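Presented sequentially are two complexes of chain A, the first with chain B as partner and the second with chain C.
Then we have the complex of A and B:
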C-alpha cells in the first residue's frame, strides 16, 4: 500500500499537520508551497534563542479532489501549540489570496468553468491563536485572514476541518467561525477563550479547566454539532474527514453560503435568538442546552457510541 | 511628551469630541433602531454628522454592565455587544446600498475595549461567532466602499482589537501619553508565559516591534497608520483620514487600505519585513505548478 493509502484509516487527531494535508486531497496531488525545504523560519524566535521550524508550524499548498483545485492550510500543534506568527500568518493569508486569484484567472479564461472546477480552501485548525513570541505580527495576520475570508465570499468556498486536540481557539476561533462550513470530529475543539484562560480570569467556580469532561461538553465536536456551530460531525480518521470534504468540494458557492452560521444580517438575527435563549436559560452546563434541544438522554450524550449519537441526537433549533 | 488625563472608559466623551456638536443620535443607524436599553449595553451605536456628513459611530461603554451576561463590563465586548455592532454595520451598508461610492457613509470606531466575554455561557453559545460576525460585517462594508476609521483612545487589547479596530481601513491612535494600550498581552505576562526574563524582552523590543506593547510599536508594524498626541487632534485627523480613504477607494486603490494595506505599511516601516518575502516565494512556487491544477480543456 502507498503512503497515502496507509494514511487514510489513521486517526486525524494523532496525525501530523502534513499527513492531514496529504491525506485530505487526492493521492499524489499535493504540492507544498513554502515547505520545509525552503527553510523559511521565524527570525523572532531565533532572536529569543528558541527553536525554529522549517515550515514555521504550518503546512500550506495545493492539491486536487477530483476536478477541484484544493488549497490546503494545515496547522501543526506540536510546534508552539500551532501558534500564528509573522511567517505562519503570512502563509495562511497568502494561500487564501492565491486561491481567490486562481479562481478569478480561471473564470476569466474559461467562461464555462463548472462548480466542481472552481477552487476551494480547506483549513485544518490546530492552534490557540497568536504566538506570543511575535504577538503583534501574529495579531495583524489574523486581521488579514479575516479580510481574505470576506474577499473569498461568493467565489471560493472555505471549509474548516477541526479534529485536533488543540482545536481552534483565540483569534483563530474567530477565523474558524468565519469560514463557510465546519467539519469536526468529536475530539476537535472550538471556542474563543480557552478553559485555562477562563479559569484564570473568572475563577474555578466559573470554569474548572482540569475537568476534561466539562471541557469537551463546552467546546468539543459533539456539543458544537448540537449547537449548529459545526455543520458536520465525522469519525476520527483522515478518510472520514476526506469523505466529507469530497462531498462538499464540487458544490456551488450558493450551497456554501447557505451553510454559514454568520456573515449576513439574517444569520445575525438567528444568532441573536440563540443569545436570547442563553440569557433566558442561564445554563450552568452545556447539558442543559442539549436537554432544551429535546435530547432525553442529555447527560449521557457524550458517552453513547458515535453511530448511535449521530442517529439519535437532536440539534438545537431556534 | 507631557502626560495627559487618560481617555480610558470615556468612549462617550470621545464621541462628543470627534463629531459635529450635538449631532450624535444614539441607537439609530439607517432604518435600524436599537430600542431595548438592556440589549448589548456595552456597545454604543448611532449616527452623527462629521464635518457635515452622515457617519456611523460604534464605541464601547466602559461603564456599562450587562445584567444578563455578568462577564460583560468595563468595555468588554460580549455576545449581544458583538451582534449589536454587526447590526449597526449592516444597517449602514443597507442605508447606502444604492448610493455612489463617494456618498457611502463613513464608519468611525472608537476603540477602548479590554477583551471579549470570557465566560462559560459565552463558550457554550459561541462567543467566537459574535466577534467574527462583527469583523465580517466590517470587512464587507469596507470592501463595498464605506470608509472605516478606527480611533484608539484607550485599550485595544488582543482579540477585542481584532474585533473592533483591525478591520478598519485606517487606524489612528492617541499616543502613549494618554496611557493608550495596544497589545496582545503586557510584556510582563509574555515574559512569564514564554519563560524569558523581562529585561531580555525589553532589550530586544528596542529594535524589534513584534511583541512589545504600545502604539509606537504598532506604528512601526503598520498596525497603526497615524498617531496623534492630543485629544484635540482626533477630530481633524479622522476627517482627513476619511477623505484620504475615500479618495483611495475612488481611485481603485483598495489594496493600500485595511489589513492588507497595513501589511505593506509594516514592510515600509521596517517592522514586518518577513511577511512579503514568504508571500513572494509562495507566489513564485505556485506560478510554476498552477497549470497542473487548471482544468483540462
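Then we have the complex of A and C:
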C-alpha cells in the first residue's frame, strides 16, 4: 500500500484510483470495502473473453477527515477507460446507500450530532460512462446511482472530485452533474458526450478531438469553473484536492444545497438563461463566452499560471 | 471465446519462505496486469492462477513464473494474476513489484 505522506504532493492526474482514495482521507484511516481480495470480477467480461479486474475498476471504502466519516468511491481509468459495469456500478450504489443508512442510524442514536460528525460521500470520477460490454447492467447501475444521489440529498453531501486522465464523461457526466459540489483541477475534464464521440458523430469540422487545446478549453477545469459547472478549481495534487474536501466536509448540508448546479426551480431558471444566452450569442469558441463573462483578455486566460488565473478570472453570471 | 485460465503449481529450487503480507499490485490496463500475492501453507510450493485473454503461450507463462520463483526462492505462497496482454518483461516487473511490496509491509 502506498505511503500517505508521499502521496500528498503527487499529481492527482496521474494517481491510481486506490492512491486517490487513500490520499483524500486522513492518514491511515482508509478501509477498502469489496476490495481486490474479495475478487468480485465482472461475469460479462469473462464470457466475452476480455480481461477482468479484481476490483472491477472501482475502489470503494470508508475513511475519515477530522471528525467526518467519509465514504469514498474512486474510478480507475486504466481499466477499460474507467467504464461502469454491473459490479463496479453495484459498488458505487451500495457505498452511497451505506452512507445514507449510516447517517440515519447515527442521527437516530445521537440526535445532537454536529454537522462535522455526519458522513459525506466523495466520488473521484475517471470514466467514459457505461461499459458497453455490459450495456444494460451498466445503464441500470447509472440509474441506481442517480437514485441514491436523490436519496442522499439533504442528508449526506456528495462531493465530486475530477482531475484524472479520462475525465468524467458519458452517463457518469450526468451523475457528476447531479452531485452537490464539484471540485476540479485544470486538467480535469467534464462533459456528457466526449470529444472523440462528437467528432465521430458530427465530423471533424464540428469538433476536432485531436486538438487538445480545443478539448481542454471546452471540457477542461478552467472552462467549467468559469461556466459555474465546477464549484471549485484546485491545483493538480492530491493534497490540493484533499484540502478542498477538508474545507467542505464539516459544512452543514444546507450549504451544499446552495452549491448545487441543477435540481431546483432556481437552477432550472438559471440553466434556461444560459441556453437563451447561447442562442443569442452563437459563440464560436469557449473564449467568446469567457469574454462575455467580463474577462478582458479572454484568450490569455488559457495560458496564465494557475494563481494568476484564480486571482483575475471572472465567472459567468446569468 | 471465454477467458483463458491457467493454473500452475511450482516448486522453488531453494525454499526461502512465503511473502510477509497479502498484497495487491497493479491495474489490468492495456498491456498490463494486476497481481494478488499472499502467504499460504502449500507444502513449500507456489500456486499460481492466471486469467488472461491470451491463448497459446502457456509454456512461456510457465517459464516467466519459474524464473520469478527461482529468483526470489518464494515458497508457500499463492499468486493470482489478471492479465491484459502484458509482455513477459512487464509480467516479471509486476511480480517483483508485488514481491517487494508484500515484504515491505
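Methods note: the second predicted complex is superposed on the first by the 316 of 318 C-alpha atoms of A that agree within 3 Å, B and C clash if a C-alpha of one lies under 4 Å from a C-alpha of the other, contacts with A are read in each partner's own complex, and residues count from 1 in each chain.
Just so we're on the same page, contacts are C-beta pairs under 8 Å (C-beta built on N, C-alpha and C of every residue); 3 or more make two chains touch, one makes a residue touch a chain.
Computed from a predicted model, the values in this text were never measured in an experiment.
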| item | value |
| --- | --- |
| Of chain C and chain B, partner touching more chain A residues | B |
| Partner chain(s) touched by A:211 [first = chain B, second = chain C, both, neither] | neither |
| Touching partner for A:86 - first (chain B), second (chain C), both, neither | first |
| Touching partner for A:47 - first (chain B), second (chain C), both, neither | both |
| Which of chain B and chain C A:257 touches, first, second, both or neither | neither |
| Chain B versus chain C as contact partner of A:115, first or second or both or neither | neither |
| Which superposed partner A:27 touches (first chain B, second chain C, both, neither) | neither |
| Chain B and chain C footprints on chain A, overlapping residues | 47-48, 50 |
| Chain C residues within the chain A interface of the complex | 1-4, 22-24, 27-30, 32, 34, 36, 38, 51-53, 80, 82-85, 101, 105 |
| List of chain B residues in touch with chain A within their complex | 68-69, 71, 79-80, 83, 86-87, 90, 94, 116-133, 135-137, 139-140, 143, 158-159, 161-163, 166-167, 183-185, 190, 193-194, 196, 200, 204, 208-212, 217-218, 221-223, 258-260, 262-263, 266, 271-272, 274-279, 281-283, 285-286, 289-290, 292-295, 297 |
| Touching residues (chain side chain A, partner chain C) in the complex | 1, 16-17, 35-37, 39, 41, 45-54, 57, 76, 78-79 |
| Touch list for chain A against partner chain B, complex | 31, 33-34, 38, 40, 42-44, 47-48, 50, 60, 62, 64, 67, 69, 85-87, 89-91, 93-95, 98, 102, 106, 109-110, 113-114, 117, 119, 129-130, 132-144, 146-147, 149-151, 153, 170-171, 173-178, 190-193, 197-198, 201-202, 206-207, 218-219, 223-224, 227, 229, 261-265, 267-268, 271-272, 274-275, 277-279, 282-283, 285-286, 289 |
